[in-house]
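Each of the next two complexes has subunit A plus one more chain, namely subunit B in the first and subunit C in the second.
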Partner chain A sequence: MEILKNKTGSNLVIYLSGRLDTVSAPQLEEELKASIGDVTELILDISNLEYMSSAGLRILLSAQKTMNAKGKMIVKNVNDTIMEIFEVTGFIDILTIEN
Partner chain B sequence: MKELTIDATVENINKVTEFINEQLETCGCPIKAQMQIDVAIDELFSNIAHYAYNPDVGPATVRVEARENPLSVIITFIDNGKPYDPLKKTDPDITLSAEDREIGGLGIFLVKKTMDDVSYEYKDGQNILTIKKNI
Partner chain C sequence: MNKNIKYGLSFNIISFVVFLLLVFSITVGIAGYMQFTQSLATEYNDSAFRTAETAATLINADRIDEYLENGGEDNEYKLSLSRLDTLCEKQNVSVIYTIIPDADYSHYTSIFNSVNANTGYDRWNIGYVRETTNDEYKKIYKEMYENGLERGTVIRDKNLNGGLPHITSLIPLKGSDGMVKAILCVQRPMEQLLIGRRGYLKHVSLIMIIIAILASLIAGFGIRKYFISPVKKISEEAERFAAENRIADKNVLKNLSKLNEMRALASSVEKMELDTVSYIENITSITADKERMGTELNIASQIQEGSIPTIFPPYPDRKEFDIYASMTPAKEVGGDFYDFFLIDDDHLGLVMADVSGKGVPAALFMMVTKILVSEIAKTGISTDEILSTVNNRICAHNKAGMFVTVWLGILEISTGILRASNAGHEYPAIKRANGKFELFKDKHGFVVGGMDDIKYNEYEIKLSKGDTIFLYTDGVTEATNANNELFGNDRLVSALNIKSEFSTAELLECVKSEIDKFVGKAPQFDDITMMAVRYFGGK
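Now for the complex of A and B:
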């Protein structure tokens, strides 16, 4: 997985590509921990993410909880495979998705 | 039928995924089904890596075969670790809000939802978990 980020003031956009799975999830967790501090709008652009396992869902849930307390989080450009994962796990109701 | 025996570690998940993807390509598996199978591998092999031999490391065997009528792929995960039936785990309540959600239990649930059949047996000291995906 590759992580790119673009921070403007309190707005942080994170671009993910590759696979968000058991091996790569800790990498995203560390990245969020390090850079989410003063952020009030977090955008996860996952247009180049192939798939996500439950290890990724856990990170998203945790980030969503953090952002609920201090701003908002938007997940953008979700492909069909990942959208289906969001649907069957009910994440579609937890996340704010913009496609 | 092809099989791979390898140490059950998180670092080896990618090798297992590559091995299975090679077999999926030879039977013309559609990309979406392949992604779903790859997610299932991540869930199931990481479970074995984390729990089967904890705190030691032990081997796991992954077997893959294609069947016809209907065209399907059957993947079997075998380990000699502690007996553990992941299918007994209660499904998470997927209607809860983010605040009330527990972190965990989603992996095996996802496998059950995206595969056509998932079964478990404990036989001769082995955990045998089989998934089937119609392609």
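Now for the complex of A and C:
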């Protein structure tokens, strides 16, 4: 998985590509923990994400909870595969999804 | 090994010492021999010259030509000859002779010739002409006549043609006018010289052999004490260590030798032993830890396996339904589980769940979820209420932020009515008695454990006689082959529909084998868990 970041003030955009699974999830968790500190708007652009496992969902959920407390989190450019995962797992109800 | 070192070192070093001594002895011997020969010869020669000088006084050199002319028939000549004979005998020289070489020194004519009786030689008469013996003589004759050489010596110890080795001392006989008239030669045997020389050789050799033996003994003793013995001790210690793998009770390596190199070797061995022991201890403890963890994982796996029903058929006396389920964990313990239980005589609880993450944390979370679901289900409330309750209970203590997807159904056995709720889990697949398996797109709620106060929906399906419901986790649809392709819903549905007549066990076997075929040699990342329930109708 590849993680790209673009931070402007309190606005952080993270571009994810590849597979977000058990192997790569800890990498994203570390990345978020390190850079989410003063962020009030977190945007996850996942247009190039091929696959997300439950380990990835867990990171998204924890990021969502963190951002609920201090601002907002938007998941952008969700492709069909990932959207189906969001639908099946009910994440579609708790995430703010913009396409 | 010890014996070889001992033999090798001692033998080699002593051999080397002996060899060096031998070379030294031979060099010294040859130098001494030459020096000895020279001084002995000088001494020998000096005495021959004294004899020669004495002899010269007995000869009237001015009249030599006259003697030759009258063939020795002269009283003075005879007197001189007789005195020379006496001198020859008294001085114990072999021959005293006087000669006149010809113009090119290639021949000479004998004048006086006195021969010692013990030599067995014959006397040369006056006027006897003879060829000059060799170039050495010729050169001396020439030097004496032409360049005023006062003394000459010829040593003959080889090319003697059967004669004995001898030394000849030559002096010129001068007339009163100072001109050289003849050459006087005194010949002495070299026997004594040789005897002296042989004695010298014998002595030197004997002394050298004794020195060589002593040096070898000293070298051998020294090597044994300073090298072999410490090396042997170190070697023994190393062997002991290799056999016992522990530090010796008594430190044999301390103060082993005064030599720096030996001490360095000993301390290296000592350090190696200490390092090895600590390394072994380290490895032992790591291995023990690993074994313990392995054992614990194994036990955890057994506990997990024991916690889900694995005996089929589970209710042999219930003819209304048939259940079969299987779980193939990707690691030792997984986060998937299935469960089924009779809530009462008419209600069968069915659970299919998948915990986020893997390994021991997932397994622990799974155990909690499984117990909560079955215990709360047994209170008789609806499936959506059960999931809400479980969700709130888990969220209250969910520090790790884990969650679990759950499909929960309760089948009313008498009517075939299945009430179910889905908390973020995969769609079930349903086959009507004469139809084919299709995914049932039920309404999904959020995963359990993700957030507080989630509301779930309950839906109802009426199962008729021969209908089958198939439940699974994402390990099935997300099984991945070497090309990173997912098994997916379509392949799953096709696999389910391969056979039209089957038992629930056969159905699961068929799906599993299709997954295995698809995945090939790619590693299994996720648990693969499946459950199938067929309804045969109420009583």
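As a convention for this text, the second predicted complex is superposed on the first by the 99 of 99 C-alpha atoms of A that agree within 3 Å, B and C clash if a C-alpha of one lies under 4 Å from a C-alpha of the other, contacts with A are read in each partner's own complex, and residues count from 1 in each chain.
Here is the rule we go by: a residue touches a chain if its C-beta (ideal position, glycine included) is under 8 Å from a C-beta of that chain, and two chains touch if they have at least 3 such contacts.
Predicted model, so just to flag it, every value in this text is computed and none were measured.
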Per-residue contact with subunit A, leading partner among subunit C and subunit B: B
Contacts of A:89 with subunit B and subunit C, given as first, second, both or neither: both
Touching partner for A:42 - first (subunit B), second (subunit C), both, neither: neither
Partner chain(s) touched by A:55 [first = subunit B, second = subunit C, both, neither]: both
Touched partner set for A:80, first subunit B, second subunit C, both or neither: first
Set of subunit A residues, in rising order, touched by both subunit B and subunit C: 19, 21-22, 50-51, 53-55, 57-58, 61-62, 65, 88-90, 93-94
Touching residues on subunit A, where the partner in the complex is subunit B: 19, 21-23, 50-55, 57-58, 61-62, 64-65, 68, 80-81, 84-85, 88-90, 93-94
Subunit B residues touching subunit A - in the complex, by the definition given at the top: 10-11, 13-14, 32, 35-36, 38-39, 42-43, 46, 92, 94-99, 101, 103-104, 106-107, 109-110, 113-114
Subunit A-facing residues of subunit C, complex: 354-358, 401-403, 405, 423-427, 444-447, 450-451, 454, 474, 478, 484, 486, 525-526
Residues of subunit A defined as touching subunit C within the complex: 19, 21-22, 50-51, 53-55, 57-58, 61-62, 65, 87-91, 93-94
